[in-house]
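Structure record follows, encoded as structure tokens.
Order of writing sets the chain letters: A, B, C, D, E and F. Residues in each chain are counted from 1.
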Amino acid sequence: MSTLHTVNKSPFERNNLEACLGHAQPGDAILLIEDGVIAALAGGSLEGKMADAAKTFKLFALGPDLAARGLDPARIVAGIKVVDYGGFVDLTAENKAINAWL
Amino acid sequence: MSTLHTVNKSPFERNNLEACLGHAQPGDAILLIEDGVIAALAGGSLEGKMADAAKTFKLFALGPDLAARGLDPARIVAGIKVVDYGGFVDLTAENKAINAWL
Amino acid sequence: MKFGILVNEGPYNHQASDTAYQFCKAAIEKGHEIFRVFFYYDGVNNATRLGEPPSDDRNVTKNWAKLAEDHKVDLVVCVAAGLRRGIVEGNLAPGFRISGLGQLIEAGIQTDRLVTFGD
Amino acid sequence: MKFGILVNEGPYNHQASDTAYQFCKAAIEKGHEIFRVFFYYDGVNNATRLGEPPSDDRNVTKNWAKLAEDHKVDLVVCVAAGLRRGIVEGNLAPGFRISGLGQLIEAGIQTDRLVTFGD
Amino acid sequence: MDEMESGIVKKFMFVNRKPPHGTVYALEVLEMVLISAAFDQDVHLAFLDDGVLQIKKGQTPAGIGVKNFSPTYRALEGYDIEKLYVEAESLAERGLTEDDLLVPVEVISRADMGKLMAEMDVVMTA
Amino acid sequence: MDEMESGIVKKFMFVNRKPPHGTVYALEVLEMVLISAAFDQDVHLAFLDDGVLQIKKGQTPAGIGVKNFSPTYRALEGYDIEKLYVEAESLAERGLTEDDLLVPVEVISRADMGKLMAEMDVVMTA
């Protein structure tokens, strides 16, 4: 059974997402929360990296955190699915363990 | 008159040092403190970058922070000078302003 | 499903406590059980009863206290981390209790999922 | 030379307050003046008198209080940031006082150097 | 207040490098900036790295249960705080443009931001 | 304690990615690890990224005014906590080798660390 990884920091500021991508197993779910949703921004320097990651992992971003930061769900990297807190709960239930990349 | 920049986080974890190097002016002083002293480690993947930086800036590392982390002053990148808290104070006095890259 | 929650950071300075709270609310709405919320590191600072945030902002401590009251959620503050930082019985908010780190390990053992919120 | 000091983080969780304290001690030893230490953001948590760290570790709050006593250093806690986080007159440690953010701006104007310690 | 009549005018810069909402820094720096207005100093605000997101349009933090303080940036002009600088490279790296920002700013290069910082007397960062 | 006799044995992993002393996490994770020993669980410690510095030899924090807790890692064996894993790439990036570490560990590749993490029931990070 797969793992849910959470990433709560911007990949521009910290190495959390990088560390997560370096250790998650193919098919694992990665949920971007809090400042982590900045990684979902389309049109920036990380878009290629995120689009690649979407081929190996199931990528999610927390909708309320996108909205808080004024980030339009229509302007995020293709392949990242937006979920709400209920969807976050479902992801924790569907996966065996949760690895928070702090 | 030049600026003293302080960097207190590891360059492996955060972008503080990178941001500092991207904005400091030639001849400015950069002091590595707290977890920032990890940038001074010789023999690792950042040695080339730090050796380059030493050509443009005056680089310092806080000795007590190196000692706390078991980092041998004999094993740090050439061109980085080790100072104690008194040396830190002197650097703030010798420079016009202090820019803490938090 | 039975959840354990670990909150690593204090209120306001980091979003961790807010996200943990929203997660707990959503889990309860979906019929899950929050077995325990454990406050560790600066997370113990969520339990002070002396905080008074501006009236137009949320009150993180009171949010937790209300969740505890409405849904019988066990809010546990680490005694050692609290003592270090000045969170003790004397300033503990209603709804929280102080206990040892064993309560966190127990939550890891007894729950189906442990979810951590931090910096 | 006259120094102003800004401490952005609370005790123990971050080294900021320890480094600021060591800096102040060294500056005073060199004959400089510490005009004011201002505690903002989670830095206000340095001023709780309720903290009791393990006896084999340093007591950050008492370190500051002793510095204030020995060298007449003005330790100011931001009233708004303190209220948000539960640092108020009732749990304020000796040596600290509560005042407004203007005291920080004033320190920036009146001192030769302002040095910030944070996360 | 004495300090408000000191006659000293320094170049202050508030450096914003962190995104809003994930941490309190953006909000509490803003409170600091508003207070600084009372002291008649030469105040500069710099937005770089993830700090550019502090002035992103359309912030709606109701869903995370947090107060929306972003409209306050629009009020800065009323306090005569009008020197807002945004780093061009930081916008581009995040796929943003000046149109995404909720206040009028001067967009400058990283090199020019470095030069501007070098002119300051007091630099406040969080 | 009831919980110590639950009969359930889970795979716990304490993930250490942050350097010591700059923040409290290394110390307070260690306190957590020591308590976990009383619960007869299958405990794993992972040191990766800057976390490898937590078990660097020769730590002398007296000069920064902070307690030296690094000898405690040597005491873990006495609590039957013997599964310590260190990531090879993290050591190399920092110019360190296994000789720099103050306790016996198993050095494994990043790929193997990822696989090991995937086997865990409970992952604790700070």
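By definition in this document, a contact is a pair of C-beta atoms (placed from the backbone, for glycine too) under 8 Å apart; a residue touches a chain by one contact, two chains touch by 3 or more.
These numbers were taken from a predicted model, which means no experiment stands behind them.
Common neighbours of chain A and chain B, by the contact definition above: E, F. Counting only chains that touch, the fewest steps needed to get from chain B to chain D is 1. Distances between chain centres, each the mean of the C-alpha atoms, put F farthest from chain E. Set against one another, A-E and A-C show the most C-beta pairs in contact at A-E. The geometric centre of chain C is 33 Å away from that of chain E, both derived from CA atoms. Averaged C-alpha coordinates give centres for chain A and chain F that are 26 Å from one another. Mean C-alpha position of chain D lies 25 Å from that of chain E. The distance from the centre of chain E to the centre of chain F, with each centre set as the mean of the Cα atoms, comes to 40 Å.
The residues of chain C that reach two or more other chains are 8, 12-13, 15, 19, 22, 41, 54, 80, 114, 116, 118-119, listed in rising order. Residue positions 8, 12-13, 15, 34-35, 64, 84, 97-98, 100, 102 of chain B are each in touch with at least two other chains.
Counting partner chains per residue, chain E has residues 17, 21-24, 49, 64, 66, 122-123, 125-126 touching two or more of them. The set of touching chain pairs reads A-B, A-C, A-E, A-F, B-D, B-E, B-F, C-D, C-E, C-F, D-E, D-F, using the touch definition from the header.
Against chain A, in their complex, chain B makes its touches with residues 12-15. Those residues of chain F that touch chain D in the shared complex are 21-24, 64-67. Per the touch definition, chain D reaches chain E in the complex via residues 6, 8, 40-41, 80-81, 100-102, 104-106, 108-110, 114, 116, 118. Taken together, the chain E residues at the contact with chain B in this complex read 15, 17, 48-49, 110, 113-115, 117-118, 120-123, 125-126. Interface of chain E with chain D (complex): residues 1, 3, 6, 8, 10, 12, 24-25, 28, 31-32, 35-36, 38-39, 41, 122-126.
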